[in-house]
């Protein structure tokens, strides 16, 4: 089997999750390419060495410019803060590397489009790491919608609740800084639900939202206070081209909800509900069931017939959050080898970013913002 | 509409629940008889007067002998401690009264049979107040089993958890005294699940159980300690004539479980699960659903097509525990007016008591006890 | 005990629920007044007679004008379609009757204010039947918020899902007609959640919403199609004076959700979650619990120490939807007898209606609408 | 870091799960030894090669005798059918290999003791793969019990439900054959819950159970029928030395329950509940909470302060079933390197087997069987 040599930029949360995926995907899935962890790149050398050693990277770089120009790298994996996605991606594309990029794809739609255009122009494979499309329960939801089991869709409601900023004493981090993160809960969390809405329901037509910073400053390590310049929460209403109405909400102040991405789809024939904290389950209601025994059924999405599950364990043996990345990498490798577009690609990243930007604009001007039909 | 004049014996928990049912049944159900609360009977005159006034009883009696002999009483409702069921029922039957009796029907199967024989000989209508047969979700379960949706039944598991005796400082009450109560958790709680098993699955063949008193004495009001002479918990294994295996457990020391009667039925084609603390719901799994969307569905048993529900509110408006008694009284009134046997009747009370006695015997001798096939 | 003579206008869903409450409140609560069901009023004589007979009303009227002018009526209970609330209430006030009025109080805020002013001027007791304030779990939530257990409140999210219009074939009814109902899901369902938000969190500052009619016409009994002139669903964002942000949604097309009023409150110290379909439960999360054992706890709100529960059954024996009306009537009787304002009163009905109107306005002009601070 | 060279015997379900654990443990945990997958052993050469290739084993063997005698193997991992555990373990011990053995440890307690004695005599480290002790929620439960949060324990109830044999058409496999498997649901499933009971509650005193074969024969690949010689289900009552009472049940015919190991612990001060299908959650009830806000809280066991979790992802990002093996291997490596006994070791395997044997005996003779106090 041919190798695919991976250059990983970013060594923290996402760097670990992606590395784990590259290592394990071949143990369970019939990969067409064999991932080799060729180089890891980070700025903190001590941490970088520890990371590279942990995951058996063959080399390290402290300059991403250096990494993306190396001849022995086939695929660049961008797991860095959002502000760096654009320059890295452009340079990687210029060097003809395939690219996997963490979400949100960029600081704004303009950047996202640049990345998309550059990757397309370079003819490389590009993917945005919306890993939740690879939750088996969500892929099953997609299949059921496509099969018509839900009928005409009336409502798509989604929340993404976290609580790590609910305590005013939580320390200031890069994710609180607009210059590094672009936005707060919105880009971090709504990016996921907006992508899932596009995946499951279709394109957005218009949005109307509001953004808040509840806690204006947070303690820094040096004892001073850092100004929070991104949203703690963003809520918005949405209309979809196909006629559905949406309600979205993301917050990092939902005390007690740790990683609760939940959505509900209501249609004329049935409904679906999902919660990431119980990601092996999908709730499904069918109005086609006999009248006296209708109810939301909890599908434990661990059967051989469920998406991705034939690769894993017997029914009832649940998988974890990190498995979504293994599925993602598998699909990416298949796309690369078969020279087909990866899904979701940078265009999806750009379309998502357009929606996020529109919500931000609507929050500023207090009015609905219509999405371009492009 | 003809009146049916009720004589209520017992003015506490069950006396209140039954009185409420007699008052309200006609407001919602097409009753064939009009209940009149003619007389209430209790030993504590102050409490009796208050009770009678609350529920608008027309008269009171402090002697049950007096009450059951009154000409203006048609139906005697026995809501007193278990030790008194036998004498009251025999005397009521002798006076030709229809009889509703709380569960467990008697102190033992011999007593129960006496009651059954006397009521039959007198030609009166007799019913045991196993009110949980009238939970709509449970009646729906029965319908689904009868329709064959569950297939061959392999397992019937039931627990009845309460926790009001989990704290060793909980005071001594009549329910802790074998002379008044006959047994503890066993007769109080297992009586319900044994009856439900008979209702849903069929007759018992053999049982093997164990009984425990974890807390041997409890404080009395006068400062002395009362000896606990009934079981805090009783567990038993069971075999059913039709081939299913059962596991039962009742305890009053299940800290945190307030009134948690739960059962599960597993069959070759499907399964059912129920929990009294969420009594408006029934969980149903069908192996006939398409393979990739099988799951336990939570039926919210509040549709017009569900048992008893057309009399109540629109779908989703749940009913409470006490409604089971209203349903019970409705069914009783229909039975009386139509001269058909009430269900469950004293024979059912006796059959249930046989099982309870057999469990007690098995606990004493450490061996399986076979039920007579009578 | 003094009688309070009730004149009931409306004999359908709410007429039944209120009648049941008047009959039973005194059986369980220490009422200061004895309700007498003096007269029932409806337009369909056949149905009226059946209703009056079922609930033992002493007389009937087919003209509400007649009923509110009767000398033997103390309290007028308005359970009719929304368009009739104003004239009935004004006339009832003019005759010095105490008034209980179903929600939404009126067709718009102007009407609501008229009713409030008239009732105040007449010096009568007035209450709006926001019965969900009397769900024990919700009253407990209020107590916990007031005790500071939730801390500073960041978010209040509420949905009210029903599904009786999800099927396009569902027949046209008065609730689909703007002239009779004023609005659809909005006035019917959001009225409840707006009132609960005011009760739990405080006054609204501004709102921004959208309303939809997904199914424009529905079949009438006569074979023709009725034009749906009210919203199937209404979603809106909200800001509260105290700084919280809110997201609200009501729909009658949430397939599978029968009566699912759910809300979540997220604060700096804790959180609460509630679902009307499991109305005996309240979920509570405390950030004050030890770090490794924090979690949402499901409080089964059936203990003697819980609001209203000491009147009912032992712990774990749940109550039903209709009990909220019994609690409401109890509180109303206490207010009347003690000459204190009922809660919520017509002012609350008016304040709620202001919010509903503002949402409607925002939907029309696509912008935020600020609430007056009056 | 020193290598530890692993010889894996068995290449199916458990072989895959263990291999995955050896590969990944060092990526997340501070292992004191570096596992090297030195040799894989299986009888089917085609499958063996595929397996070895998938998981990068350096060599293969088709004879386990050959594997355990190799000088370049430090640790023998036994993942074969139960009947082979004894000979492999004895031979591995004779060659001075450390041993990890799948559960149940042996065909009966005599075999188990032989294995324990041999491993002790050889001075090797030995562990039984009761991986569920390494579920973070279960380890947290253990910590809470040890801290006294549950108080005196009254009840330990456990079920282990699977459904892969519910359909009579499910094919005959080695697990249905007593000569290969020793027992059915009992050794496969009750082994886990018996071990967890010992871990959480302490030693068994006596048991009384029953075993059933509901479906006597199943189709074989060659078209003939295979005789099922192991139990489809086993239920038993238990008494613990410390005074608690237990109820256990294992079945492979629980239609709809895929891998539902559930237990409940009820004590004088609190309670715990767990379900393997939602293995990232632990339900905890504390009677020490204020009276009006007691309830079962769902602890999402994903915080840094929870067992094993600091090695993984941020709070709310759940782990999967296979992670329990990674935790297990980590603990095993620490034990080996520190020359301390592994937990659970072969003595635990033997003690568990004694209980299983006693249940089998009680099922045969219909009486309680007392466990030796050794």
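As written, the chain order gives the labels A, B, C and D, with residue 1 at the start of each chain.
Definition applied: contacts are C-beta pairs under 8 Å (C-beta built on N, C-alpha and C of every residue); 3 or more make two chains touch, one makes a residue touch a chain.
Quick caveat: nothing in here was measured; it's all calculated off a predicted structure.
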item: Chain of greatest Cα-centre distance to subunit B; value: A
item: Contact-richer chain pair [C-D vs B-C]; value: B-C
item: Centroid spacing, where centroids are CA-atom means, of subunit A and subunit C in whole angstrom; value: 41
item: Centroid spacing, where centroids are CA-atom means, of subunit C and subunit D in whole angstrom; value: 54
item: Centre-of-Cα separation between subunit C and subunit B, whole angstrom; value: 36
item: For subunit D, residues contacting two or more additional chains; value: 257, 285, 294-296, 300, 303
item: Complex interface listing, subunit C residues touching subunit D; value: 140, 144, 282, 284-285, 289, 291-300, 303, 305-306
item: Complex contacts: residues of subunit D adjacent to subunit A; value: 13, 17, 19-20, 23-24, 26-28, 54-55, 162, 164, 257-260, 276-280, 300, 302-303, 313-323
item: Touching residues on subunit D, where the partner in the complex is subunit B; value: 154-155, 157, 159, 161, 163, 166-168, 208-210, 212, 214, 232-233, 235-237, 239, 243, 245, 247, 249, 251, 253-257, 264, 266-271, 285, 287, 294-296, 366-368
